[in-house]
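Below, each structure is written out as structure tokens.
Heads up, the next two complexes both have chain A, just with different partners, chain B and then chain C.
What follows is the complex of A and B.
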């Protein structure tokens, strides 16, 4: 039942957004959008990651859906999510470092690296478990590369 | 008048005595070549130690990626309350690196924080590394000797008076450096993890709060601290806060993914990059060690 599965995934994604939105009612809208974006990354990565780590059984169809979603979400244009004046210290509830705005070209390159890694994952996720495991490392590295440079520790 | 004179003499003698005592107390410790005979330097074990200790995280060039992570020319800046420290060149280059060092030279650094040119600043975590076995120290050196030479000059630390008196670091050692394990009771299957966490990966350097002099507050071991490299906090990873399962902690150290599929960021991303080279079972042992650390809420 691929359609039902898609529907459930979409609903879960929507529910996640909704909870995030309720939990952060007072947030700056751009910060809220960033968090929603990251939640959707994590949600889809989680489906793939749990399979890669052996916590969930490999399901080619589900892996493909999650990877496709991730590729689309990671590839969206983030510009509007990072307006000037929304760094840590300037608005509540964010850990986005001011360095993002002084190194915007590098920040965008790092986002592009994630989009590329997610696309590569989507190219192989339906093949077999080994392919998911192989592509997972590169995706994780792109997440970390950006979080290392541009996210403040807790 | 004569009495005043005598008083002056006594005062001078006391001052000389005090200086002599300080000089004695702060004398650099050292290891002799004889103490190192009989050790087997194993470069394969050395590579393990290298990744466990995270040498590349600080001693590679700023922003180094991939193979460049093994070019240990130094240059990264570490800003602290006491000044700015620059990681030195520890590549095997004979001119600019440590190519001419003996095994004993490296052992003195790791065991006592004493380099050939004097006392190191504790930006180098010798307080952790001193718990390494001597065999691991010489093995580390054997592995590091296989890495590429880099011909970059060391940059002088920017440390104001009085912190620029290196001899005074001997006193700092007396006050704040401790021999032996911090967590004394761990289950046998967490002993490897303790060795990795306390002796190699020096987790306590960032995750443990410090006093006004920069000494670690061992009574609050791994309970979180202000970020040494900027704003924000390094999290509490005692069982009081870190409630992840053993599987989840091991998976994080190997992949950088949290149980919610967020990822390691800031300096922890570097730590994961190093530790991910260690065997799965050893990362599990680190997880078991973290479960044995006294909980701080």
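What follows is the complex of A and C.
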């Protein structure tokens, strides 16, 4: 029965994937997923930011890869990472404000703004350093706008 | 000076993004990035796996979103998450075997196999439960193949 065999292998594979991923097991899975989303934003944006600031030499290929990653990852669907009942005070290890769920359309618009700014960055990141610097402001503004509205201050 | 203003805002935004993301500050940033990558695989694959196993009701829209996310995220460029010098024994909190760096072409091929299988899943996930179940085996096999070759057993 190929289906049964495949399903067993799939579950095995899924379990292995899940095991690989769970470095911090006590965290709510959705919270962990959105932290992962933010980590991947930060890691890729950091590559571009260090170049823009002159802390790292401009590398067209690396800049393009980081910008492509950021654009693609920012443009994914985050809904499942922000289920109801996972605001600050409802689960551990989150700073997500309840306002996210009462202003979901605006939250989504702010996510879309990041995705759009990241896409614009990806359109020019491999050109030259000035292009990265020029596109960086809009990306940073979208980060700030969403965090200011929807993330509890430290 | 619009450029200076934008750069300052960008750095502010970048810093905010980075602050948001760093929940576990002692981890190597590249290790954290690849853990984040695996977490997002596992979270989205988990949605599909629970439906495939009958632990959750099939939801065409949710299945499609999860499969699209998995396909897009798996298809990003992971190179910067696996820099030289970050194998098990070289940095904390990783099970990445040194074989990754001595067999990089094969490691990349195994990543591509996951991306291809996830893309095939995304092509059918919104159709019906049987389609999800049918596509799951190939995804799980690519997880297992890479973990078997390149991840230290528990």
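We adopt the following convention: the second predicted complex is superposed on the first by the 131 of 154 C-alpha atoms of A that agree within 3 Å, B and C clash if a C-alpha of one lies under 4 Å from a C-alpha of the other, contacts with A are read in each partner's own complex, and residues count from 1 in each chain.
Keep in mind that, in the parts below, contacts are C-beta pairs under 8 Å (C-beta built on N, C-alpha and C of every residue); 3 or more make two chains touch, one makes a residue touch a chain.
Since the model is a prediction, treat every value here as computed from it, not as a measurement.
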Message = Quick check on the superposed pair: does A:119 touch chain B, chain C, both, or neither? Answer first, second, both or neither.
response = neither
Which superposed partner A:69 touches (first chain B, second chain C, both, neither) = second
Query = In the superposed arrangement, which partner chain does A:88 touch: chain B (first), chain C (second), both, or neither?
reply = first
Message = Under the stated touch criterion, which partner chain does A:35 make contact with: chain B (first), chain C (second), both, or neither?
response = second
Ask   = Comparing chain C with chain B, which touches more residues belonging to chain A?
value = C
Query = Once the shared chain is lined up, is A:136 touching chain B (first), chain C (second), both, or neither of them?
reply = both
Request  = Quick one: classify A:147 as touching chain B (first), chain C (second), both or neither.
outcome  = both
Ask   = Same chain A residues contacting chain B and chain C, which ones?
value = 38, 41-43, 45-46, 49, 53, 95, 136-137, 140-141, 143-144, 147, 151, 154
Request  = In the complex, go through chain A and note every residue touching chain B.
outcome  = 38, 41-43, 45-46, 49, 53, 55, 88-89, 95, 97, 136-137, 140-141, 143-148, 151-154
Task = Report the residues of chain B in contact with chain A in the complex, numbered from low to high.
result = 227, 230-235, 247, 251, 255-257, 260-270, 272-273
Remark   = Given the complex, residues on chain C that touch chain A span 3, 5-7, 9-14, 16-24, 29-30, 32-33, 35-47, 49, 52-53, 62, 65-66, 68-69, 72-73, 75-77, 79-81, 93, 95, 133-134, 136-144, 147, 151, 154
